[in-house]
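Worksheet: one structure, shown below.
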Amino acid sequence: MSGKRKLGVGLIGTGFMGKAHALGFTIAARVFDLPFELDLVSVADVTEESAETARAHLGFRKATADWRELLTDPDIHIIDITTPNLLHKEMALAAIAHGKHVYCEKPLAPTVADCAEMVAAAERAGIVTQVGFNYLKNPLIFLAKDIIESGEIGEIRSMRGIHAEDFMADANVPWSWRLDPRSGGGALADIGSHIIASMRHLVGPIRSVLAETVIQIAQRPVSRGAAETRTVEVDDITRAFVRFENGATGSFEASWIATGRKMQHDFEIYGSKGSIVFTQERLNEIKVYYAGDDIRSRGFRTIWAGPEHPPYGAFCVAPGHQIGFNDLKAIEVHEFLDAIAKGGKPATDFREGYEVQKVLSATYQSARTNEWVEIG
Amino acid sequence: MSGKRKLGVGLIGTGFMGKAHALGFTIAARVFDLPFELDLVSVADVTEESAETARAHLGFRKATADWRELLTDPDIHIIDITTPNLLHKEMALAAIAHGKHVYCEKPLAPTVADCAEMVAAAERAGIVTQVGFNYLKNPLIFLAKDIIESGEIGEIRSMRGIHAEDFMADANVPWSWRLDPRSGGGALADIGSHIIASMRHLVGPIRSVLAETVIQIAQRPVSRGAAETRTVEVDDITRAFVRFENGATGSFEASWIATGRKMQHDFEIYGSKGSIVFTQERLNEIKVYYAGDDIRSRGFRTIWAGPEHPPYGAFCVAPGHQIGFNDLKAIEVHEFLDAIAKGGKPATDFREGYEVQKVLSATYQSARTNEWVEIG
Amino acid sequence: MSGKRKLGVGLIGTGFMGKAHALGFTIAARVFDLPFELDLVSVADVTEESAETARAHLGFRKATADWRELLTDPDIHIIDITTPNLLHKEMALAAIAHGKHVYCEKPLAPTVADCAEMVAAAERAGIVTQVGFNYLKNPLIFLAKDIIESGEIGEIRSMRGIHAEDFMADANVPWSWRLDPRSGGGALADIGSHIIASMRHLVGPIRSVLAETVIQIAQRPVSRGAAETRTVEVDDITRAFVRFENGATGSFEASWIATGRKMQHDFEIYGSKGSIVFTQERLNEIKVYYAGDDIRSRGFRTIWAGPEHPPYGAFCVAPGHQIGFNDLKAIEVHEFLDAIAKGGKPATDFREGYEVQKVLSATYQSARTNEWVEIG
Amino acid sequence: MSGKRKLGVGLIGTGFMGKAHALGFTIAARVFDLPFELDLVSVADVTEESAETARAHLGFRKATADWRELLTDPDIHIIDITTPNLLHKEMALAAIAHGKHVYCEKPLAPTVADCAEMVAAAERAGIVTQVGFNYLKNPLIFLAKDIIESGEIGEIRSMRGIHAEDFMADANVPWSWRLDPRSGGGALADIGSHIIASMRHLVGPIRSVLAETVIQIAQRPVSRGAAETRTVEVDDITRAFVRFENGATGSFEASWIATGRKMQHDFEIYGSKGSIVFTQERLNEIKVYYAGDDIRSRGFRTIWAGPEHPPYGAFCVAPGHQIGFNDLKAIEVHEFLDAIAKGGKPATDFREGYEVQKVLSATYQSARTNEWVEIG
């Protein structure tokens, strides 16, 4: 008996991200002193069978092929949505309508209007929301933010961001839902929202963008190995110039055809007194340069994550041992539960998901006209 | 109901490693299709209070201040020992006597004789054992072993290994159990066993060693901030030359005063047709060189862990996302449970722990005489 | 007596680049089997005194404060121009009028029209020209070009280029000729031409650009330490999207306020079957990825410069010894002299300097309107 | 007319190192304000033809097949010896007998007795000597020495050094003079003297060593492609433990069969307040760790060579441009000429070469007995 109030979780979707979320809850419960006792109540998937398999595997009590059952389950306080983007809105609105807190994978929804509707509903209902911008939940990204906010590297002048992978680099990768324009776009919508989130998180609100999108592989097989092809309508690469509200400028690029790249979530931030360089390819280290260091021994410092970078210490009391991707999800869960307990808002709540989507949408709009688009 | 047989765990010790083991069990249950349904039955620690705190936190059902209670608990099939080295033997022998499988942190015990007794008991009882040489449970170390065994880099000629950290580098770090000679030694016994294990795992049995030990900080405060000091009798640094049974040679070094190093578990392996370079500081990448590559584009390949390196895919279906230290523990648990299910032996069972201890002991012996010592 | 024809050099300008050129000639004469015997005839600078100092130091026979004297010196066959950009045209045209071959630092001239005039004069006169795009003269850049042209990494889809330094990052750096708009611009004109040259060299002609320029430090002291300031009118940062004629796309950025960066001449090139990653910060290594490598041991290969990458072997018969910046200048000189001997054209002749300037000019034009500008 | 006194150079040997020395003189004359006007007088090689080819190429005035002619040439003040080790002594003693300053490639001679004789003769004659330990002439190695001597990283506790290459890794590389035991040994004598020199240079005199040598490739073809083989009697790998006079300890390893390594001249130095990590593979950068930096932003600083690290600025006024191997030779020449002008001693004079040879010899002696050998 922990004496803590039980908080029940209902998970919708059991793919890559469903599993990562389940791990996030499980790990969080062991490494953090959570404000609640977690109860993994029920998991919903498309079929009874897949739901049951996931239930057994992911450690939930119940399984269902009807996600709506979770809404009325009195044991469930959190609805966790890891389904394809197109389904987020309906599920989130239904959860909100039932007074549930909502944890939703990014991107929030394919359109700004959808996101706005979700934010409005959530804020009206007073429930707590969280969006899965997991790369921000890295102890070293918290450090980066802290260094920036402390003024240690001076006024931030520019940021260059990349999110590149290569899972679509092979022209034989067939057409799939990722290529369906209704999902909200291509590389930018699918993975680029991560780098937009990092830019907002670290440097602040984005005022305007000037962008282009590129389709490099114009036709894809309709299915693996098929001779018949289908025309690709969404971006393989999107590039944008960025103007931040605070006067800094920058750029970002999203690509899913960057041959050889598996997780190039990179950024470089240049301030008047220092700079920060990071790549998610090495998530347990970050490079920081201080222009004020003695000139003869000045250089980028490679900082390894350790207990001095909370919440690393929750995972391991010793430095250098390293955390992994699923641990980032645990930190995300922790932040969410803390907000529920304290009535606060996670840094990446629905409103933040909506703000990211506005930038994303403005980027696509700019790419159509090649004009600067203000983020409303 | 998974239909799987339940396997109960009793954990002794709730410090750094106790938590890591608990996480290992918890994560393993979510990412692998384990052969058993795990039941975290009971946790034992020095006081009722600390045991209860750990119980609640780590997800066990019961808590006790008497570790012997676990031995007679019919729900418990595995005794997991994460206490100081000096206590391993008594606990392990007791567990074996009760027919429990035993999972024990490294090093197995302070002396070879102790280890031998533990191995004999375990093998007589027919139970399954596992020792916590977690760095070997890295998907990329499995890759390294596979590359070596496949002959891709030819005949192995040499290996250089390091395990260096800096947690004792500050001369003000006070005297503690780590410095008690009864623990089996200093840096070598505490962390050097990891690099011995890596050398045996990758290149094979070690035939002989020639070694030296160094005490750089001769006096330590008796407690933090104390003026009174106590003489240090164990090694800050141990270095050894190594001769493998297969004709390769090498060296290793263990240091706990390597200022700036947090996890320098490094090695370089040179073969007649290629080489492998690794550092635990970047556990999700490994460098491999093939002398047979076209000369103009030949170079060390930096390989990032991905689903093509089992069991990475159990943690994440996409490459580049990275696993962390606690995930290595989950792989260790998985290997242990698989061996229990199949009646096999983990690669790092008690016998392997005993073999490592023989090398460690021979190293200390050689350091006293500076003569080559054969590993019996 | 080498039996080779003598080729005389007249150098104008004795600053950073004057010295680098003199070293280029001197080193080239020792490491290459040049087609000529070089004669460092005369050096011209603003004053007799500075010219004489340079003469003695750089190993020339004569010195003068009147650069026109070099034009009529019958011993001089090459006029080497390392003066500020604004002076290049007058000097080059005069040299050409006297039938001299011309070696000129980049950028060729501040305007496209100036460059065109220079190219026309040079081609009419049939003399040989060379522009100082030294970063292209790296053995590993030759390798990169060879890998691309061989088709090894497939069809090139994208290239991202950066040239960033920090010599203007401190807002106290005073106003200077670099900030004079008549020089042709700011960061882009000064250092960005290098990255444009790299993009053209490796991926091919650029069809169009969409760009923006940013002035981050709006006022600079009129001189070091002065309270009085002067308005900055040229770019601290310029960013551009790029469309190549062959269908590839890309981007480049030039910045002279990238705190901590000393020589971030970086690029990443992504093809359908591989990729290449380079930074001038480590000019003796390049990373190449082959998608066709066996999946489990696939990764970016770090290739160190060696004799297998001509003309590295001219500097050192053993790999791994490394060449430096001045050695790149020697390779540039070698290429120039070879072209003179064979009646050929260096890859970076005046026409190439003109083509680079067209891209540079189009970039500034696009930055004014934020519209795509075709390179004529 | 520089007004400087002329200093004539006579070079013996025109191979890899002969060329590097000639480049060293040539570059030094252009980048430094040397105290003399250099006169490359004459070059001697085995045949008239090879000497003449070298003369023309390397910029000397005269050529000869009789190296003794250089001794009596009144224009020659420096005898520069780049012949095989076995010939150093005879040539150096002859040069000294004629009152010439002597610049000699490392290692000084195959035996300690030979070296002692050379030192005695040189010191008696009062001439200036220099040995080619070029890796010490790196601006960043001067920085490392300065950081150590300043006490910034505290008391030095340990140093680990490696010099590994792979030019003998292929078992088909035939027997050659490198394998002739009369040359003084194998990998250690050939390349290991470099790492001994680095250890002495940075941490100080070595008191004793405990070593082993390994022959991994026992037979080599008598010539390239031959079926007949010859037994190898010299070390492929030598490893040693080291005790410095100041109380620090360490180890070094020399290998010429380290597949994939081209210039692994690496070291790590650990002090009580910081550490330094370097590899010659990236000679323009060094990593320094300060334990006193703020804990949350503490990490190894990657320092790039720049004008703040003399004499880098002689080669280039801007940081980040990088120097190469031949530039290290130019710095070596500069130090030598400065000592001649001022009557001083280069850091790596014959006495230092002798001290290195004593360590080298003690290492081989220890390897025969596996006992600690004191350096006399």
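First chain written, first letter: the chains are A, B, C and D, and each begins at residue 1.
Note that in this section a contact is a pair of C-beta atoms (placed from the backbone, for glycine too) under 8 Å apart; a residue touches a chain by one contact, two chains touch by 3 or more.
Just so it is clear, the structure is predicted and the values come from calculations on it, not from any experiment.
Chain centres here are means of the Cα atoms, and by that rule the chain farthest away from chain B is C.
Matching residue numbers shows that A-C is the pair in C-D, A-B or A-C whose interface repeats B-D, with more than half of the contact pairs in common.
Looking at A-C alongside B-C, one finds more C-beta pairs in contact between the chains of A-C. Centres computed as Cα averages put chain A at a distance of 34 Å from chain B.
With centres set at the average Cα position, the gap from chain B to chain C is 54 Å.
Centroids of chain A and chain C (each the mean of its C-alpha atoms) stand 41 Å apart.
Multi-chain contact residues of chain C (touching two or more other chains): 261, 285, 300, 304.
The residues of chain B lying in touch with chain C in their complex are 143, 146-147, 152, 285, 287-288, 290, 293, 295-304, 308-309. Interface residues of chain C facing chain A in the complex, by the touch rule stated above, are 153, 157-158, 160, 162, 169-171, 210, 212, 214, 216, 237, 239, 241, 247, 249, 251, 253, 255, 257-261, 268, 270-275, 289, 291, 300, 370-372. Remark: chain A residues 2, 16, 19-20, 22-23, 26-27, 29-31, 33, 56-59, 165, 167, 261-263, 280-285, 304, 306, 315-327 touch chain B in the complex.
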